[in-house]
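For reference, the structures are reproduced in the following blocks.
Two complexes are shown next, each including chain A; its partner changes from chain B in the first to chain C in the second.
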Partner chain A sequence: MSNRIFLPLVIALALAVPFFTANTYFHHLMVLWMLFSLLALSLNVIIGYIGELSFGHAAFFGIGAYTAAIVGMNFGLAGIPGLLLAAVMAGLFGFVIGYVSLRIVGPQFAILTLGFGSIIYTITNYWVDLTRGPMGISNIQPLGLWGEGGVALTGARGYYYLTLFLVIAFAYACHALLNSRTGRAFIATRENAPLAASLGIDVFRIKLLGFVVATAVAGVAGAVYAHYLTVITPDVMSLQYVAALIIMVIVGGRGTIAGPIIGALIYVVLLELLRALGPLRLVIFAALLTASVIFLPGGIVSLWRRLTGEETKPREAAE
Partner chain B sequence: MNAETILSVAGLTKAFGGLTAVKDVDLELNRGEILGVIGPNGAGKTTFFNVIAGSMPPTAGTVHFKGTDCTGMRADRMARLGMTRTFQITSLFPALSVIENVRAATYRFTKTGWISSILRNGAWRDEEAAVDRAAIEALEFVDLAHRADANAEALSYGEQRRLEIAIAIAAKPDLLLLDEPAAGMNPEEGQRLVAMIRGIRDTGISILLVEHHMRVVMGVCDRVAVIDHGEKIADGKPADVVNNPDVIRVYLGREAVNA
Partner chain C sequence: MNHGRARCSARPSPDWGEPVDYIVLAQQIANGLVNGMTYVLIATGLTLVFGVLHIINFAHGEFYMLGAFFTYFAAQLLGLDYISAAVVATLAVAALGILANRLFFWPLRREHEFTILLSSLGLALLLTNGGELLFGADPKYVDSPFADSIVQAGQLVVTQQRVLIFVVGAVILLALNLFIRHSRMGKMMRATAQNPEGAALTGVNIRQVYTVTFVLACGLAALAGALVGPTAMIFPTVGSWAVLKGFIVVILGGLGSIPGALIGGLSLGVIEALAGGYISLGFAQAIGYAIIIIVLLWRPQGLFGTARRT
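On to the complex of A and B.
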């Protein structure tokens, strides 16, 4: 099936889904799926496009969430300005951390991001005056257009459409990226950095750009999350979320657009189905990641390609 | 021939601790010229090449490219100025298709960014068309257009080496540095390479070739410089260099007999 028919169909379906049921818990799960999709798509820019592994992505999600909560609480800026500020704040942290870390690549970079993530998590936990510490911030206002009062977004269905819009917009931006000079530079850097440099690509700057965009988008997701749940604790930055995001990207299919969205769906669905198992779920997620890396390195989406034969199979050398 | 100098190297020295790999080398390359740099294994050819290409800074001396002092300049900035290089060991984007490999090389002469591609504006559309044209031209030049959709890693060794050249020329450089392009090639592929290098020069690109495949060097170069123990010991027309007694002693002594 060509994308021209398939894509509008999927979007139409996504728009219609909330009307199939009045079950608000189902709507809630849809919001979570979209939020995780946005986060996974942003992490995919780092893992899939610039080819680095980040263990600190949940921290930027947290920075966005706390920024939105704190400016909402202290300045009544709970609307679009709060979202933008969350993006800028997370992107700013992304810039500083990326600027320091991206000169180093590979496993060392991953460990640096783990360190920075832990620092941000710890500070959030202990800076009680600003963040209220482990208690978290509650009673966060719903998302309005401009601060308090006026039209405010309440109810899972409304948040579903907002997050769906954000996912579609960012997925489109990623699609456009891959057909642009910047995107080609991302992929060239991922595939072979010395060759990329020999073609005029400033490898460090390109990686930093990807990192900042990814962290800023994670910040937006965090801000929406804070307004939606109305309560946040430092736990949103914990390693459990870091691992979950990495699992979504890898199991879904890194470097693709459908992959992280499907990965997020798998995560949300499994989390529900396996609720009875308690902490044992994490073991299952870990097993899923391991199995995916070994048997399906291209993720779930590569399975689809394999079935439809879309993928250009490496032909035998002609000579 | 236009005698304008495109690359000028003066007193270039590169030392690694106590070992001086390149010692006080002067070299000039004219626009439109094919200059070969040869020397026995370990003579310092590759170090010389890497210093010029910006992979490592020199210990002393200067490199001027198109009148700009680019001594110790980083490789990517050098490339943006118009100097691209190939690598001794095959260096591609292996997981990408052949055409994507070449498209990535158009970075230095394109301008539109991510935002334009999101807006799909006219500038983006024009530039993508130019990128496709340049990519296909480069592939046709190295006779790989029929393999455009294959994965780069699925190509044969000879095809991969040709793809490397396609990548380098798709960047539309003024100066192309070739690092042992004939390495591992059979004589037939070598002949093909010679014709290709001449063809590149005919499009107006100057070429610096580091190589120890004598047949390739003598067949294609306008001028040859010989390096031994890091020092330049001869510089001239291939026929003169072959007859230079110093060169015969240090390098050609063995190979001239076979050549």
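On to the complex of A and C.
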């Protein structure tokens, strides 16, 4: 099926889905799916396009969430200004952290981002005056246009459309990026950094650009998450979430656009289906990650290509 | 997050006038050195696996967790005394290391380093959550006859358990050093570290080197868990704490360097103790991460590491 028919169909389906059922629990799951899709897509920019493993991505999600919550609470700006500020804050942290850590590659980069993520997590836990520490912030206002008053998003359906819009916009941006000069520079950097540098690509700048974009988008996802759930605790930055995001990207298929979205769907669906199993469900997730790494390095998406017999585009082939 | 701090950090009362400050300081340093020795035990396995096999094992901390829990259950279920329980636990986890290597690391030896890193992350999650499933999430205490009796040297007060940690750690490290320097297997491990293909060509059994390295690494982590168990609470998620400390130490000392792990571990223990005693506990938690960031930026190969490919 060609993309020209397929994509609008998927988008139309996504737009129509909330009307199939009035079940708000179902709507809630859809919102979570879209939020995790946005996060996984942003992490995919780092893992799939830059070709580095970041173990600190959940921290930027948390920074966005806390920025939106604090700005909304203290300045009454729970709306577009809050979202923008969350993106700026997360992107700023991303810039500083990326600027220092992208000089290092491979496993050391993974450990370094893990260190930065852990520092942010620890500070959030201990800076009680600002973040209320482990108690977290509750009663965050719903998302409005410009502070309080005026329209405010309350129901899950509204948040679903907002997050769906964000996912489509960011997925399109990723698609456009990959087909641009900058995008080709990304891929060249991922495949062979010294060679890319020899062709005149400023490898460090390209990596930093990707890192900052990824962290800023994670910040937006965090802000929407905070307004949607109205409660936020430092736990969103914990290793559990870092691992969850990595699982989504790897199991779905890194370096592709559909992969992280499918990965997020699998995560949300399995999390709900296996809720009764308690800790066992995380064991299943871990097994899924390991099995995917060993037997299906390209993720679920590569299965699709294998089935339809389409040639793997070298551009999107996961390393 | 307070795991690793002493349950009884007995300390002279601080209102005895001028010289007391030095005693408090010495006490902090002594506590720090003992904590540091556990970091050394954890980090040595991590650095060994990286140095010999070029694998970053994210699941390393889980073997520490298993060491502590196996000690607990060996004492509770088999009725063993603390020392035998610790030995049984260490041996059992070392044997588990063989299994982990066969299933998660050996088959992937030709893959990209990220594949192995992700596979070890999967193993870490499996063991943490499997541990939570099997052992329960509530914290447990390992009983040890040495935990409540103290050793006094001048005005310094340390529990016997903490003396045991330090002494056993030092002896084991010395033995490990002799093993790697002089035994046949140690030489084979060093050859593999330098050049796996070359070593294989000259007849080194790489498969055996993988097995022995993982047995040693997992055994060391388990021993650390068995020793620290009686001084702090144990819970199934403690593995991520352990592996983070291990990472800080190996980055500080240089990935792959055992002397680096020794100096790095002891320094981290002392720095944390002083930061916790004189600044704040939260700061003590964060300072380790701050150290790795500074070290990685200043000397990516670590303070004692020799320059190597990254």
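Just so we're on the same page, the second predicted complex is superposed on the first by the 311 of 319 C-alpha atoms of A that agree within 3 Å, B and C clash if a C-alpha of one lies under 4 Å from a C-alpha of the other, contacts with A are read in each partner's own complex, and residues count from 1 in each chain.
Criterion: a residue touches a chain if its C-beta (ideal position, glycine included) is under 8 Å from a C-beta of that chain, and two chains touch if they have at least 3 such contacts.
Just so you know, these numbers come straight off a predicted model, no measurement behind them.
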Touched partner set for A:172, first chain B, second chain C, both or neither: first
Which superposed partner A:302 touches (first chain B, second chain C, both, neither): neither
Contacts of A:192 with chain B and chain C, given as first, second, both or neither: first
Contacts of A:123 with chain B and chain C, given as first, second, both or neither: second
Contacts of A:230 with chain B and chain C, given as first, second, both or neither: neither
Touching partner for A:293 - first (chain B), second (chain C), both, neither: second
First (chain B), second (chain C), both or neither touched by A:246: second
Those residues of chain A which chain B touches in one complex and chain C touches in the other: 319
Touch list for chain C against partner chain A, complex: 1, 56, 104, 107-108, 111-115, 117-119, 121-126, 128-130, 132-133, 137, 240, 244, 247-248, 251, 255, 280, 282, 285-286, 289-290, 292-293, 296-297, 300, 310
Chain C-facing residues of chain A, complex: 53, 100-101, 103-108, 110-112, 114-116, 118-119, 122-123, 125-126, 239, 243, 246, 250, 278-280, 282-283, 285-287, 289-290, 293-294, 297, 319
Residues on chain A engaged by chain B in the complex (per definition of touch): 172-173, 176-177, 179-185, 187-188, 191-192, 194-203, 312, 314-319
For the chain B and chain A complex, residues of the former touching the latter: 53, 55, 74-77, 79-80, 84-85, 87, 91-97, 100, 103-108, 110-114, 116-118, 120, 124, 127-128, 131, 147, 149-151, 153-156, 158-159, 167, 171
